[in-house]
């Protein structure tokens, strides 16, 4: 096998080993490589900043174990921002893994005590509702019917000051999908944001976010934080660099690595085909 | 003390599971099969409990406060389990029918507005003749939308019925390749973030290393 | 009578529920109508919750049969059932909010599930390296789009090539957005047609 053939057919294990090294090195020795912030991240941040302090937010936190690794980066910083601004927030979820991940997020950001102290007056957590889009539609129609009239802790919703006069999607000012598994924020857009004509902010996976541009263009979604890069940019805007910003060094290394692999392979292929070189 | 110990044991069990899953990268083996089986059983058990809680919190609670019509969803839900009873499998069609109708109707009615009419309206609003670049963008936009829609909606059997089918097919294919190429360029970041998160857990949570 | 009960009544349920929910969305209806549809939607949620629980029974049936008949891999099936039963017992006794239930979820579901998703990262890198070999015009076009999008998305990309964000931005908002929109319209129309066919009983999805 010639050298070019070997380089064009590198075994999987060597690719994986180099990938692992390129990911481990920046985790252990952060380099602080520069990060660019996308325009849509600015739009998201400035949109949240501009909301009045008495805004009532519906915050679906649809975390799933499979996608939390990337979306968790943005959900942590967005929840921190919402708490810092002092909004009234009703959290809910249509994802089965939502509740434990939500409380873990609060504890990780040091917000759990604040959440429990102001529970009922500024924050409410509705329990998991099955059925995905049917669950979102049920919450949008009537929270009391969808949840059986009680919250996650078993409190009567009518006994909570925040829930006085709040029962349907139209009673909220903004939807901020603080965490989003796959296409669930499209379901919230379909069932709450568009029927009740209220803005929706979401933070999808980078992979999924690239398909949301038609919604942004049509004005159906207000803004989005796209994946780990959006989360890193948001942390910088919040002056609170954290795991997302730290992740960007690894992203840079792997992006360069893959570009070298793909472009190098094609250049070699071209030389082999047209240069007559073995 | 018990709490700290259980957390520490939990971290070691989690790390073992992670390494079992990653062993697949070398080859499919018994450790991976063990971890995979654990995941399947856990997922089934976890979803059972979450579903059970949802049923108790909504319908059972509603019946307890006098909303007796909530016996209906319980009966329809139980009918789903009739698939396991010989000669009575047809009863599960009642629960399935309600579930399909409920979810489909909710999905379709929103989709008609958000994915069709509002998207078409946004396309019309996009068209602009202000500058030469706007004109070019508008032409590309309209051509791609029509071609990609046609590429997906009309299969080979329409090739003789639709004029310029081959052109629509080719342009639609390139349009879809554009979207797919753009999508793939972004998706690698997601995959790398996943791997990075796992390595971070192993290095910082399990091995208790810290960045230097 | 038998055919009516087995076939026509379920289709009738689908039709009636669909019409009720569609009318609510597209027409102005009295409040009493909305009360009924709110309950109808919550019924869907409850039945979906039963479907979640159905998964456990399916696992029990499938893997239980394997254990009883001692087929190949029956030990793994026995382990699956054991883990499932442990989760259910802990969840029913302590509740889903209890420390041990969440501890079990963390160790036995969350971490391995997240790791199995991350396997795609490794496989994706290798697949892209092997697949993107330019030998036709379409692959050349596809690879060019991919390179621009990929390089611009790299955190350092726009700093090394300042013109990249502009090109990527145009790519994102014009051809990509147009193609994605075309895809959405086509799939939405197809989904609507398939949904209507299912609701009037022209397809038998889930109704065997």
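When the chains are written out, they are named A, B and C in that same order, and each has its own residue count from 1.
Everything below uses one rule, namely that a residue touches a chain if its C-beta (ideal position, glycine included) is under 8 Å from a C-beta of that chain, and two chains touch if they have at least 3 such contacts.
As the structure is a prediction and not an experimental result, all values here were calculated from the model.
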Separate pieces, if any, that appear once chain B is removed in thought: one piece
Most remote chain, CA-based centroid, reference being chain C: A
Between chain B and chain C, centroid-to-centroid distance (C-alpha), Å: 3
Distance from the mean Cα position of chain B to that of chain A, given in whole angstrom: 15
In chain B, residues with contacts to at least two other chains: 25, 46-47, 50-51, 53-54, 58-59, 102-103, 106-107, 110-111, 119, 122, 179, 182-183, 185-189, 191-192, 194-195, 197-198
In chain A, residues with contacts to at least two other chains: 12, 16, 19, 69, 96, 129-132, 134, 137, 146, 195, 206, 210-211, 214, 217, 229, 251, 254-255, 258
In chain C, residues with contacts to at least two other chains: 25, 39, 41-42, 44-46, 48-49, 51-52, 96, 105-106, 109-110, 113-114, 116-118, 121-122, 125, 128, 143, 147, 150-151, 153, 172, 176-177, 180-181, 184
Residue ranges of chain C in contact with chain B within the complex: 5-7, 9-11, 13-15, 17-18, 21-22, 25-26, 39-59, 61, 73, 76-77, 79-88, 91-92, 96, 99, 101, 103-122, 124-125, 128, 138, 141-153, 171-172, 174-192, 195-196, 198-199, 205-207
Residue ranges of chain B touching chain A (in the complex, touch as defined): 25-26, 46-47, 50-51, 53-54, 57-59, 61-62, 65, 102-103, 106-107, 110-111, 113-114, 118-119, 121-122, 126, 179, 182-183, 185-200, 203-204, 209, 211-212
Touch list for chain A against partner chain B, complex: 12-13, 16, 19-20, 23-24, 27-30, 69-70, 72-73, 96, 127-134, 137, 146-150, 189-191, 194-195, 205-207, 209-211, 214, 217-220, 226-229, 243, 246-247, 250-251, 254-255, 258
Chain B residues touching chain C - in the complex, by the definition given at the top: 3, 6, 10, 13-15, 17-18, 20-22, 24-25, 33-55, 58-59, 69-70, 72-74, 76-78, 80-81, 84, 90, 93-112, 115-116, 119-120, 122-123, 137, 140-153, 172-189, 191-192, 194-195, 197-198, 201
Contact set on chain A toward chain C in their complex: 10, 12, 15-16, 19, 33-36, 65-69, 96-97, 99-100, 129-132, 134-135, 137-138, 141-142, 145-146, 152, 195, 206, 210-211, 213-214, 217, 229, 232, 248, 251-252, 254-259, 261-263, 265-266, 269-270
